[in-house]
């Protein structure tokens, strides 16, 4: 994401609008873009979802297979998350191995799923120490207009929520829905000058000084956080962002039922 | 190869009910991605394919630049969940080869000499695969190029002709392909019937081959109509939008 | 998570005898490597960390140069023998992410606009690891930057606040971390209490989080004093040496 | 192969000659260069061949070992083809991982062997699902003057045809010749302006607009094809090329007996 | 190590001093720098050492685990040496995969350990063909001021000499010291104009035309050698260097006891 | 090491019938590859080696250029089928080291200062290996350089002296090497007897070493004669060809 530079004129325009509480796409500072979620879009995947946050578009797919557990967690299934910023999605994305941004994205989305305990991995054990379900969670950004953190997380949560373990293909009884214990939702807030905005677009992300991504659960508890960029937040701003993440998370959770 | 498996029944119907020379149901939509200069979404049978075009733009790395024309760089990529056994993300030798032959086929129609030193980048993502993805990708890519307003001699429809159960069958699906005896993907320039992509694997007599070529070229013309339709719909949408403003 | 394991005893003592809000014993030494422009060695509990700074110097590869300011490139590296199960040498995804967030945290205090097009390279080597290495590395790195005479707004002390046995505990050691329920590494600019690094893994209520932030910020101020002490010692050594000559 | 550019003068010379039915090395359009095949040149290989098409020179070696079959073909031996365009062979070839050209070459040569069923892989099964012969087919271009497709394919076919499975080394009975069921031969035809020429040299390859590589068997049946370059062929030209490939293939097959 | 160029002035200064038998840091041509060795510095390693030769500083760590032996040495433990020239150590060192210099260094240090038979790998066999001890010998250059060969070798020898195999962690009885059969010591001599100097600094290494690294054992026998750089030695010089390596080796061996 | 294995019989004959100080049969041919600027083919015992030279030519990547002289870049490569257990194609650490020491040895004789900023690229392919390939490769490479007309101070013959059964043996073959106790590859500039490549693995006393050096240097002179012969044959062929025209 390094090549793009927002022109000085656009930067000033974004700043001036925000001082009046407005944004280029007509939203208020704390308003989300239109979010759409389609699930079950890929027949070859055990679960899949295509999510749009405005012009940001993401696909997530879940594939499952049987494998051996890690030695230190013999009775737990395995989750592996990858995120590809394919060059189709943005003129700045390049082919090749994932860079720092893609790695951070994948790891933050992964932690949002893993640390929240969304998937009950103990129920994915077939025979302790021998056979467990391996879940490959693969995310592709199809079109990038900012805030991939939230779109990718929502796509993955939606794909997981609707995934069916293909047990019958492996002679392990009937197919069953992935065991889901909670619905973590991720909300990213950016800081431009001294204003906090939710769900930043690409241009807003370029102009912002700092970013905070917060994953919360149904109870409003915090499950994962990641601050980004070289700017800073005050302790009060962080507390305000956490509250925002809980509120907007509840709003988004309604979309995916 | 197993003689118990029947690919064409007594009445000449294939496993999915098609006749020998029928294409699978096909759907093309142009202009589906906001960022790309041009894009297209294509479904044929159970294949789901996205194509996007960026360019002409500055060519990186610079040593690939051609001072006399633009280079066409296609990246064909199978998404990990697009097949029944998960594919490891990232490039492999198969996708490198397919990317190369699709790049060459597209280069044959793009007026690359108008953009010296530039790169025209074409990205093909296979979201769901069910045999025939290289042809589906190329068909979609040429629509995406047209959507990008790229100066071109023509579109490039593409399809494969296969052989299963000893019979020539158009546009094999996965099941047929798994038990097939030969596969012949091709792509043409419809205005002149020139062949710009051609591969063959398997076993065909010269007579079968000549017949397969004929079937393939005819089917490419069918696909060509659907490509033009997709662009017409895209164009009229553009018109309407402009009117609305 | 196993309820039989007790992380805090009846008297509020932790497995290593600390109280909930105690840091582990910490030692910082500045100016330990001859070649680097600045360096620091840090021990906190059983962590042993080296940090070195080179720069501002010419930025390679050139396409990363920023015409308006220096870029800060941190490489965090765990040495293979630093953990109980040997780590394969070389970079991995975890160290790529940590390198990125430490770079960003350091960039927040360095006056990078003074050195357009340059690179400021920060190397952090974890020689022995026992939970909290990213915070230890960042704490050491900002001392190394100061040792290099880098113009900075302030130092960047860093520490993690964890949760184990349902209680908030400052600066978890490995044993506590293995059985912990949450971990919240943070780093601040002490002069203004601005937060420049923040992550969280696990499960915390809003109330716990607010309390953890308060504990963490206070502990950063303790660390800040040790950072300044280390630089003072380094400076006075320099003075003496000059006198001796 | 990207750095080389044939000078305008040489390009014109090639074109003018061809309009008169002649080529720079004195051949007619449909004439092959001198082909030489030496087999058994490497003692450490189970089979080997050094093939020359004029100044194009290629080595192929076959190495065999015992391994486990792929799960979906438990009763079949395994063939693995690699092709290295080592920098010794041409000033344009560079060290490093194989580029698009080398990958295409290896894959086309591999398909010519694999899809023709030349090696009877079912006879390379030792114990179904457990032990099969693995054949590593490695090709090195030593000097490149065009038409590596045909030279590489012929080197590999010659090496396979003369290979002895080292069964006694593995306590699997007596050594035996690799089970060969047919002799596929590959012929490449290039198009320069509107003339078809067989066995193009490096300069001719640079000047040509399109290339078609056709592998045929003893019966004249087609076993593999690959069109290359950004030019096109008419359907009639393709039919003509297939006939040429059958005819020239027969000629080459005589050389290797 | 390629970017650095020693200024012409410094080069002349080094040469002039040497013609008078002197060196920039006050040493005579055949004098070692101050050498310090600390062992047991890393708790997480089975053995470790931090070695300084003047301003050159190196860490070595030994990690052990249980694994399967190589098929051709079923009754021997496995040694694996790596050497990282981390960018912390010198402005010329870059991140990324090890270059030619780092590979040569690691291989020369490895041969000094392996070919000397210092570690009695047969005593590291637990069950022939099934279980043996794997020893990972990892070396990091922390500060580079010339002569990494000798510093790295000494760090590794010191780490091995003090390493305890963690048998109890693997339920293989009591921990035991690594079986050590001899103490090889490595001495590097460089040639500047026609003068031989031991233990070259970075600047001296830059100015020198050739380098010879010799590993000897307690008996003064030669266990490994490596000549480096594009200059040459006469046969007499080489014989003289070997004698020097035996003499200085004895001196260094006293430091590590 | 196994005392039952006899490498030298009662009459001083080795497993292949040679005396202790005999080279294996050797054959060198210069000018064997049409494209390269110079080339050579060499057989010694069962080793089969090709060497090719390109250059002086433009140095890529550019940051390796030396403004005062050409750099010599050798790539030593073992072909996959050259050894009894197939070698994975591509570079490895062993070939990186050998490439480096051969580059250095060749640099000692090439008048690199005549070609500032250029690269002289030397490629060595081991087609069949039977101990001593680095020496065979270097011997062939210096003939290829001469064949390319490269300005050089001298050729660089190279050979190894080994130790097996407690005896010093010249030019070990594979069988001897497998059971050998030491190996000492070396290369010299014959005109001055300067040593430009030297390695040793194993165990030798000082006396054995001095004796091995003497044997090796003498054998290099034998090889030198064969190198010059090969170039003379090549030159006279060139003469004849010129006459023919």
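Labels for the chains are A, B, C, D, E and F, by order of writing; each one numbers its residues from 1.
Definition applied: contacts are C-beta pairs under 8 Å (C-beta built on N, C-alpha and C of every residue); 3 or more make two chains touch, one makes a residue touch a chain.
Source: prediction; values computed, not measured.
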* Chain-contact steps, minimal, separating subunit E from subunit A -> 2
* Shared chain contacts [subunit D and subunit F, defined touch] -> none
* With chain centres set to the mean of the C-alpha atoms, which chain is at the far end from subunit C? -> D
* Structure fact -> Maximum distance between Cα centroids and subunit B occurs for chain E
* Structure fact -> Distance between the CA centroids of subunit B and subunit E (whole Å) is 58
* Structure fact -> Per the C-alpha centroid definition, the whole-Å distance linking subunit B and subunit F comes out as 52
* Structure fact -> subunit D touches at least 2 other chains through residues none
* To do: For subunit C, write out the residues touching at least two other chains, lowest number first.
  => none
* Structure fact -> Among line, ring, star, complete and other, the chain touch graph is ring
* Quick one: ring order starting at subunit C, direction subunit E? -> C, E, F, D, B, A
* Structure fact -> Seen from subunit B, its contact residues with subunit D in the complex are 64, 72, 93-94, 96-97, 99-101, 104-105, 107-108, 184, 189, 192-206, 209-210, 213-214, 217
* **Residues on subunit C engaged by subunit E in the complex (per definition of touch)** => 33-36, 46, 48, 50, 52, 54, 57, 60, 75, 77, 79-86, 89-91, 121, 123, 125, 127-129
* **subunit D residues within the subunit B interface of the complex** => 2, 100, 103-104, 106-107, 111, 115-117, 212, 220-235, 238-239, 242-243, 246
* To do: Report the residues of subunit E in contact with subunit C in the complex, numbered from low to high.
  => 41-45, 48, 55, 57, 59, 61-63, 65, 82, 84, 86-91, 94-95, 97, 136, 138, 140, 142-145
